[in-house]
């Protein structure tokens, strides 16, 4: 592999994803970098965060004396509620997700294929922990943004012609934000297009570590 | 037709149906004679009445100064609530019914066939008003009791080999209470058996106006 | 994003078009969204397909849209108490799809939940099964019913906060609950709009995500179809 | 008919048998029915199939029934944080059916609602679709998922009245809501049993019809998996 430039850091990637938020959106954020998106919501944009264990309107982590075991997010972390919060059961929560009522989800991924397949739930040979709500989210939410490093820790590309890992969803992803650049496509029949590069990252840098076909 | 004996009146038929109620039962009562069953609940038996428009625990008609347009039964009549009442939406209401959580329903009928088919929603050539919740009830409730006159106003038998009217449900009925007698069957593969006669009604009286096959 | 509108006409601005499908809450006249129905009548939009448990009564509720001939098709479980409905239906001017009440509720709930079809025992062996796929599960036959997902849902609630979290009152909840989910444009009328934070988050019947536009329709003079009372026991 | 029992062992008397299927509420350790799980452990009943979103953690919640080897099969969406689970699973002692979280919730809701199967887009094109029927609706593929209906459901609520009407608190509701409906023998543990009439009939999450037996399990020391806090801004 070439010695790829670093590009954006985690917070910058999250901030880039946050630019996709629109006023009034209902949004589900995955664990890891996607969680950081909540710290970068643009001024004047009101967004309601959904937690798939049964809540709309996730507040910040609680103060120490407000921790409540009955109030957690989908990552099982303690959280707080907001004046506009609402609680509901898991069946209702996924009715919302599956029914396309959530505008946007930001997720991590291990691999994305050039036709928008996503793999982020299991590695054959390793202990399987389960897909949780990830398959429901990628199948149901209106717009799926993946935020991930452009290459794996061992330097392997993650945006590839075809996923090698078992899929979480087929033809699901609308936008990919990596530390190097942003790809998006206008619909699920179109190829991904490179629309943005991190500072000091060239088209050639990206091409060198991106086996997937994409337009520029 | 023979001049059939009158047998039980409406209240006696309702009282007979009420003998099938068991303590703790959740029950849905149809319009007409079935509604009267609520007046004959045996002592020591607690029954919760369901209204398919979204209520458990139907109370009596309200006092004049308690009438509430937001509190009606499935017949669109004003009712009252009880301390143990609960409200829910129509989807939840029929989830209960379809899911077999209601123990018993008492309904009227135009025709019952000897294999337990029931017809009570339309007469070809007449204005169709719709089946309402009747098809859901006969398909979903654990035990279906039909309360009806043994013959129609014009003297035609109503418990017959095969229904002539469009069905509300196939092989659904567990017990038939008429003004003359009671038929029941132990399961949906068995024939109906004549188990009880109104005073002064003979087996021959019943046979004379019952073309359906049944055991005695 | 502001969800509250001054009146029903404003709340429906830009979302009505000829030939559209509308899910409408209510059971009989209880819990029907009457301000929104009035605004649909005033708009003159036509060739509507309306999924609603009932069709109102003459000149009241959806009866108004029948009177004005704006309805092409009704999907309902029961349509009694309506002479104009009867006339249009018998003359063939109005198409009617009769649907068992529980199946109708579930079809709308399924549409809102991203489920295009489900199996049910209701209607097996009856006219309702005609033309529908049948499947056997564990020895019993079931029919496949299709989801309903509309261009617009109109519902009536009791209270809502400014974010769109909504609660119902008593049996006026009925079909308003599933209908609230069965479109991406649900417009709600309520008796009172309260500030955000006024409704306990554990007690919200319809979370704000489903309510796109909201009006206060008060004051209401609620209709009663069959007023029944009992005498007070004398002392 | 009295629904309240003195303790979990009494409430489960007569309903446990080897090889049975149990639906269990909770999300992680939040809202898990721990008193009832303890009573199942004490009973020694075995070869259980348990549908539950998670499998507890080592020695806590369902982790206890794994430790005691009473579980034959888990139907779950996510099973991290559990070494004993991992050991039994990798050695083949424990069978696991992974089910997407929303599909699991809907399968239990469907079972309770008399719907034997439904179609969903979730899992199309993945391992989850293997061996399942596919059907095309309006140009899109969906897979057929089967309902889950158990011999027993165990749930944890916040409060219930003596008739069995039950309410939850915050995100402890989760899978307890669909699981409450997915059997004809739902046993609930709550933090407080209140007299009939104490809960507003408009605010009941699980109507009494679903709750067959009821205990108060208080006092609870609730478990937190990941305690996260923020600093108060200095004045």
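Lettered A, B, C and D in written order, each chain numbered from 1.
Everything below uses one rule, namely that a residue touches a chain if its C-beta (ideal position, glycine included) is under 8 Å from a C-beta of that chain, and two chains touch if they have at least 3 such contacts.
This one's a predicted model, so the numbers in the text were calculated from it and none came from an experiment.
Where touching is counted per the definition, the chains common to subunit B and subunit C are D. More contacting C-beta pairs link the chains of A-D than the other of the two pairs A-D and B-D. Chain centres computed from CA atoms place A at the largest separation from subunit B. Averaged C-alpha coordinates put the centre of subunit A at 28 Å from the centre of subunit D.
Separation between the centroids of subunit B and subunit D, computed from CA atoms only, is 36 Å. Distance between subunit C and subunit D, defined via averaged C-alpha coordinates, is recorded as 32 Å. Spacing of subunit A relative to subunit B, judged by their CA centroids, is 55 angstrom.
Residues of subunit A found to touch two or more other chains are 81, 87-88, 92, 94-95, 97-98, 140. Residues of subunit D in contact with two or more other chains: 106, 109, 113-115, 120-121, 168-170, 173, 201-202.
In terms of which chains touch, the assembly is arranged in some other way, matching none of the line, ring, star or all-to-all patterns.
Applying the touch definition to every pair of chains gives A-C, A-D, B-C, B-D, C-D. For subunit A in complex with subunit D, the residues that touch the partner chain are 51-55, 60-64, 67-73, 75-79, 81, 87-95, 97-98, 117, 127-136, 139-140, 166-171. By the touch criterion given at the top, residues 27-31, 53, 76-80, 86, 89-90, 96, 98, 100-103, 105-106, 108-109, 120-128, 158, 168-178, 205, 222-232 of subunit D touch subunit A in their complex.
Taken together, the subunit D residues at the contact with subunit C in this complex read 106, 110, 113-121, 135, 137-138, 140, 142, 146, 167-170, 173, 200-203. Those residues of subunit D that touch subunit B in the complex are listed here as 1, 109, 111-115, 161, 163, 165, 181, 184, 196-197, 201-202, 204, 207-210. If you check the complex, the residues on subunit A that touch subunit C are 23-24, 26, 46, 48, 50, 56-57, 81, 83-88, 92, 94-102, 140.
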